[in-house]
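In the two assemblies presented below, chain A is common to both, partnered first by chain B and then by chain C.
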Partner chain A sequence: MALDKEKYQAFEDIVGKRNISQDPGVLETYRCIAQQSSAHYGPYVDHMTPLPQAVILPGSTEEVQNIIKLCNKYKIQFKASTTFWSAMGFIGSDYAVQIDMRRMKYLEIDEKNQMAIIEPHAIGAVVQAEAMKVGLNLNVPGVGCSSSVLASTSGWVGFGPSSYFMGCAGENLLGAEWVLPDGRIMRTGSLGAGAGWFCGEGPGPSARGIARGFAGSAGTMGICCRLAIRLHPWPGPANFPTEGTIPAYRAVLPDNFKTYTLCFPSWDAYAQAFNLFFENQDILYLGHRQFNMFGRDAKGAMVNILTDPDKQFCDLPELMKDPYIKKQTELMKIDIQVVIAGMTKRNMEYKEKAIDKILELTGGWKNEMMLKPEIVNWVLMYLLRLGHKNLNYTFCGAYEGNYGMSPNHFVTAPLMEEASEIKDKWAKKYTSIADTGGDSDMGSISIIGGGGATGWEFFVNFDAYDKDSIKGTKEFIDSTQEWMFKKGLGVDMGRWNADLRKSDGKNYSQEEHDAMYIKMPQPMFLTYNWKIRNVFNPNNLTGSYYRTLTPEKLKTD
Partner chain B sequence: MSLQDFRAMMERCSNCSYCKWIPFDKMKSQRFAENCPSSSYYNFNTYSARGRFQLAQTLMDGRCDYSDTVTEVIHSCMACGLCDVSCKVCRYNLEPLEHNIELKVSAVEKGKILPEQKVIIDNLKKQMTMLPGKTKVKRLDWMKDLDLKDILKDKCDIAFFPGCKYSYDENLQNVCRSVIDIFKKAGVIVGTLGKSDNCCAGRALQMGFREEYTKAATANIKALEKSGVKTLVTPCSDCYHTFKRQYAKLGLKIQVLHTVEYLNTLIKEGKLKLTKEVPLTVTYHDPCHLGRLGEEYIPWEGKEKKILNQVHTWEPRRPRYNGAYGIYDAPREIIQSIPGVKLVEMERIREYSWCCGAGGGCSETYHEFASWTANERVTEANSTGADALVTACPWCESSFSNAVDENGKKIKVMDIIELVQQAI
Partner chain C sequence: MGNKKNELTKIVGSSNVFDDPAILENYSKDSSFCSPMIPRLLVKVNNVNEVQKIVKWANKTNTPLIPVSSGPPHYKGDTVASVPEAVIIDLSGMKKIISINCQHRICIVEPGVTYGELQKALAKEGLTLSTSMAPRATKSVITSILEAEPRLNGLSQWEFFDPLRCMEVVWGDGNRMFTGEAAQGPLDLEKQWASQKWQVAGNGPFSTDFFRMLTMSQGTMGIVAWASLKCEILPTIHKMFFVPAQRPEQLNDFVRRVVRLRFSDELMVVNGFYLASLLGENAKEVKQLKAELPAWVALVGILGRKLLPEERLESQQLDIADIAQQFGLRMTPSLPGISGEKVLNKLINPSDEKCWKETAKGAFEDIFFLTTLDKTTMFIHMAHMMAEKAGYPASDIGVYIQPKHRGSCYHLEFNLPYNPDCTKSTQTAKDFFKKASKEFSDMGAYFSRPYGIWSRLQLNKDAQSTMILKDLKGIFDPNNIMNPGKLAV
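Right after this comes the complex of A and B.
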């Protein structure tokens, strides 16, 4: 289905002929085949999001505003996305247009005020590359440097390995320029008072809680077109001194950068170490349990494959049997990768000593294999740029985040072995998911606020081309959800979006959401969301990712 | 192969957008961060490797047809292979470049071709060259007074294969004559295929005309085998890739070298001495087909095998073409061995070099797009402050010679052979 001629022409008049299409072939490439990616629902066989009525590429805030005004006139839904990784950025109904923001890529580094003013297509890598030239850096969220910085800053929590030092993306949000779902432009913080981009909460309006969210609103309404983020010190070179043979690129950084794989004798010791890092907030530049995503049994072998341009996955079984690698892998059973960056020589010495002290207090150690220079330089490159996030998919072509247990490390750590065993048994019994050793948990030492929180995510790798593997993975996540409920741990990460998009790829209706959310233990905040939506989005044009409950339902039920 | 054989890749592509950027580890600025000419120019996701995977699925499933736009999406891929390089930083089971070419082949088989392509292919069939308007009888004019041997009749050290662009383009013929002069001075006995010298047809394959390519390639292989020559040297990067990688798939078993490799060896062996000072600051453009697509073909027959339940691998080990072992050092070593020449690098180099705009036949089919692509590279070259942009491919030279940067400024374009000639 496509827009009628008059409506299409109206949109075309805004963006110009070459920036709009309703060619069926083009439209089809704007559907998410959600079995391939981490969509946090399903996975379902042969699953696709709906076909848009048109794809529109605006080039400015003004064009976005005019597009949204037209959407209101025609009561047509819209969804904006830039890098299109995962189903969240795709439309959810048959009568909707897909807005592709990639033409909007403005980037300005304000060195003096340590901030960057960005548009949607300024991805993490380019913002970082430009910031590094003047000794600054940004928090690259866990999704990696290929994604839109604006998207994670404006619509999600945006935590990542460097959040320990730099805060989450949302915490770095300064002034922002939004086109609301009714077509008005909202400028927040200092920008709203005509005072520039430097502050997100005043002297103009602070709409941080409305504009962005995590578990509550799960995204935003309208389209954020430009915003400013806070930048942080980068005590390194103006460019990564990258060398090595593809894909084993590595960066030899100055002596004020070090990376260690810290290992612990127990999960309790691991949690204690996290706590010490949180209590002493100036030790790390970055902390992330990264390579365990390949699985407890396979990670050592995978590190050896990825740091050697001539190795491939067919080498995996042999490397997993190699006595040295096997021993090192066992020694980093409970581990985390950290990067420290000294601002001065003395600062570096302090950080080294602090790490040694934490290891002493927790009985931990530094992994020997991960201290090899070729591995160190690869890890530094990997973690500081986060440009290898597509390794998430490398095993089988598809993965889903799983468990996503409590962000409190003292709640989660005691459950890690049980969770790992569940996954390990499933992999061995049903073979639908990759069998790499049960524990495939990864995550960062992230949010500092509130005493510190930790990302927990088990990687479940499955084959997007194998229907049995897809079905089996869905069943596995259904089963872990049951376990999560029994443990009082809430919603499994693989089900985070299960209430937002149906198995046919479409939005839930308000009636369906009402029926779901009325059963929630504390549904009041969703009625609050409903009121906000009615003010900003009277025609309900932005899909069901913004969770709402009709207030009357609460009164009658 | 058929498009259907790529089905698993289409399903396993994860929409990560890596195919739109140079490898992130190599990124130095926003200005020169993008890698795919077609997705950068047209902007729609459809024009990226990811988009083409999804478009192919859609076509196979009958959810869309070959509209003019779809045909443009398919044929506007420059087949430069940079999406392939970026993808393979992380992925070990996807082949975006092979897929994009197969998508073209499939379109051509269904008659979905561009009018400009028909002219080119007709000329290949009739005149054995893919340069429209050029004729077979004029092909050897460039070497008329050079007294070159015929490898089908005489014993030679090397077979020299100039390729169509050097043979016919009057602005480039001198480059070819210079090479011959250099080789002769170094004592190398050079021969050509003489009357059997025809187009390698590599660009036909890049455009999806596999049948026409195979026919031309088979005839060329037959002539080379008949000559008994052991080494073929070509100054054209397109021809180099075609002989080294593509003809090898069809059974050609001779050594294939680019002129830069051969010259570099002569310099290292002391047979060629570069003594004259050339006071120039230059930047070097890696041609796609010499660099990332210049890797040697390794025969492989096998099948996918899953390990650890669902992890994809291949049995036996499958060769992995990701640009790691292309020809990057030889031209740089030559440039740096010339007294007075200073080499300054652009941001996108080696395996992640930006295409010149001629790839996939686009310089003949999408002029505006091809010009924009070349202009982008000249902008990058001018940003280095170099006096000249040096390259090792006539197609690149031709693209750059008409290009201007974003400020309307041109740059002196030089063939690496010209530079060598000046130093002798």
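Right after this comes the complex of A and C.
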């Protein structure tokens, strides 16, 4: 079915001629390689998300509401996205319109109440720059600073290096203005009461629960148009200092900022250190195992390449043989990068002492090479701004997050060597994935504020333009998933979305979801999702990223 | 009703079903100004299977159920039926502390467990749970957390409802499930533990936060059979300090700065009368303390756990004292005749069965809502102005300001004591309560926990939100058997 002229005109009446398009060239840019999770050019590179019938750019909540009402009238599917990081922001049906939210970019910093009120196209870097002017900062999630803050807060998970200190995106969500799929506007908490943006809960039960759980509903529960997030202290300069030559941009920060690569003699010690950080929740400003994404063998050399503008990727083999780098890389086999930020001189002294004490208790140490000023300043820039997402693709042009293992670090840490060995053997036997030394596990010290659940994934680098590499990577990922099931580790992070969009880029049908979800240990909750969708999305217009099970499929006594 | 009694007896046994008018009379009212309503039956339950059977039975017989977990007395009207023919389902006998996991600092408790019971068990394991201010001895931990009572460590609440994590719930339609990460494993805690799942993450599963359907719901959506709660390491050192002031606004910048820099473990502002009510053992003492205590005081708690406890405490103590000085204030370890230790002990430990707020005059009513710190002074001034007009003694109003959700919002509470034996005192307090609630609502107070008359005040402000709430109620409690009439839905 095609969107006829009359319907197109109706949408155009809402947003104006300049903000809607059916130009085939434009529409083609609103397609995405269908993959399982984030921006990873996954194994299904042959398939693209469907071509939208039109692309519409609303400029206000009222326009969004009118668009959604029209979609309901004509039973047209819709999906909103802003910075289009991954397939979940794209449509899953041939009869659908893509809503591009980039015109809505309002940003207001409320310094006194430590919050920012934002629209979809206020990206992380912009919110951060404005917040820092008044001594505040935000949790920039793993998606990086060039992505929409509203999207990760309302639509997806939103944890990152700073979530230990600043909380996950969902924890920072305050009031929100949300156009539900049936066209109603939900204003959560204090906002609905006309009291301001400071609270997103209640009155009574919190309606935000239908649209934002552990993850957001990936655009299936309507379109969030504006929300408030809580901001956190930034005891640094009003302007984030940036110097150096690309790609080695650095941030020279005052003495109350320090970054260390903390190393441990065993995974057991690593897990013990994590627990100490979790028990004492005010030590770190940020904690992330970042540079291990380049692999256990290559990370030291890669850090040297990336911090020296005169070095190139082709220097990697030689640098890996350099005795000093080799030794330092070996010493940071089991490591994590941390940033501490002192609110006062005394506070900084306490945090330094606490780090040293934790290292003493766990037999750990600070990596010497990572203390070089040029590396320190580069790491601070990298982790505090999170603007280096391009480096995820450095090795082969593509990667997949794999072995996203249990958030229970006491379970995961003892398995790390076994997991690394599986990858190492595969990489040495086949050429489909990059051989970076087995362990390429990386991720956040915590996916919730204050710590308690880790967010780790192995980086698997492959060539997205080589069919054999893609095929081999898929086989590798299938095998690691099998291993994870055997170990009781559940579904791999890279497969979180595997049940939400088919490999041909299209939505799953209800029958297909029913067949999958009836097998879940507690399928009951999915029948409530079905009922929620029926009430708030009666025409089922937002695709299959909302997990539902038809209640009749569940036999109850 | 005889038939209903027989049917309930089949589920829980005759010793757990009560229709004695004297017993039911106790459940027909509470200490609030809510209208009384005598329930038909009281049923005491011991486990989730009984709960589920009763909810299914209530759906078949169209019987309203009023869940009650805390022991008496009650103060907010939410445990009093709003409709006739109701059955009180008393969960206070469900007292199991199901597990304490030290590694993840998670405990799992049933609804009848009180703070005193839980803290004692946790202390044996070197743990503690954050608390609301001096919770009464019979207060259910789960209810206090589900109803989002302000917690003294609001600056450690990354999530608005911390320390709440996963739950087991029987929804109003009689279905039973776990919430949060626990919903993704089998409906059996022991099986989950065997695979090292310890109910740590409360959100979800996936994109729906089922626990948010139950929080602040006054028992209108379902019945919680257990909840997992995030604990903290038991402090090895814990001190309380005071920052006195003449006027509340003098403390705002101080509080804002302490919150901004993430200092302190407990932080709140109270007026002299509120603190006197907490500390005084009788009405005379309260009166005396009120005369001696500063008009306003910020209470600042700092603790040290296992890692460098003295260093942490000393560092924060000095930094916070510096902040106080920066704003022309002074932080002290004691007030005249009152040590920090005494106040700390009163704050964090359970009080008697009767709420300590009754000490001053024998009864009280609270008005509380959420707002931002900068607006608290405006509300306080209005309260005093209105009290004068209403003939209510303004100097007897207790005020409590508590940062919540890491200081994103502030619980502002006005405590209105009155003499229940004096008709005039009671009526004056009642009138003042009603008028002030309305006025505060008009001024932008956010009644996130809309008990009694506040539900209409609050929900009438946004028709769309009310409709959405009604829709949600229809999903989880389609026959409207769970505490009908509450929340104006």
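Odds and ends about this structure:
Keep this in mind: the second predicted complex is superposed on the first by the 527 of 557 C-alpha atoms of A that agree within 3 Å, B and C clash if a C-alpha of one lies under 4 Å from a C-alpha of the other, contacts with A are read in each partner's own complex, and residues count from 1 in each chain.
Basically, a contact is a pair of C-beta atoms (placed from the backbone, for glycine too) under 8 Å apart; a residue touches a chain by one contact, two chains touch by 3 or more.
Everything numeric in this text was worked out from a predicted model, so none of it was measured.
Taken together through their common chain A, the two structures put chain B and chain C side by side without a clash. When the shared chain is aligned, chain C comes close enough to touch A:Val411, but chain B does not.
Legend: residue contacts after superposition of the two complexes on their common chain; A:Ile210 is shown touching chain C, with no touch to chain B. By the touch criterion defined above, A:Ile422 lies against neither chain B nor chain C after alignment on the C-alpha atoms of chain A.
Contacts of A:Gly202 after superposition on the shared chain: chain C is touched, whereas chain B is not. In the superposition on chain A, A:Ile433 makes contact with chain B only, while chain C stays out of contact range. In the overlay built on the shared chain, the residue A:Met186 is in contact with chain C alone; chain B does not reach it. Of the two partner chains placed by superposition, A:Ile67 touches none, neither chain B nor chain C.
By the touch criterion defined above, A:Asp466 reaches chain B but does not reach chain C. After superposing both complexes on chain A, the closest C-alpha pair between chain B and chain C lies 22 Å apart. No residue of chain A is contacted both by chain B in one complex and by chain C in the other.
Listing the residues of chain C that touch chain A in their complex gives 103-105, 148, 156, 158-161, 171, 175-181, 183-187, 195-198, 200-201, 203-218, 220-221, 230, 232-233, 256, 259-263, 305-308, 311-312, 315-316, 318-319, 322, 370-374, 405-409, 444-450, 455, 458-459, 461-462, 464-465, 467-469, 471-472, 474-476, 487, 489. Within the complex formed with chain A, the residues of chain B that make contact are 7-8, 11-18, 21, 23-30, 33, 42-46, 50-51, 54-55, 58-59, 63-65, 67, 69-70, 73, 85, 87-93, 305-318, 320, 322-324, 351. Per the touch definition, chain A reaches chain C in the complex via residues 112-115, 135, 167-168, 170-171, 174, 180, 184-190, 192-196, 198-218, 220-221, 230, 233, 235, 275-276, 278-282, 343-344, 346-347, 349-350, 353-354, 357-358, 406-408, 410-411, 448-450, 452-453, 488, 490, 520-522, 524-525, 527-529, 531-532, 535-536, 545-547, 556.
Only residues 18-19, 21, 23-26, 28-33, 35-37, 55, 57, 83-86, 100, 102-103, 105, 107, 122-123, 125-127, 129-130, 145-147, 239-240, 242, 245-247, 249, 251, 298, 309, 312-314, 316-317, 381, 385-398, 427, 431-436, 461-466, 469 of chain A touch chain B when the two sit together in their complex.
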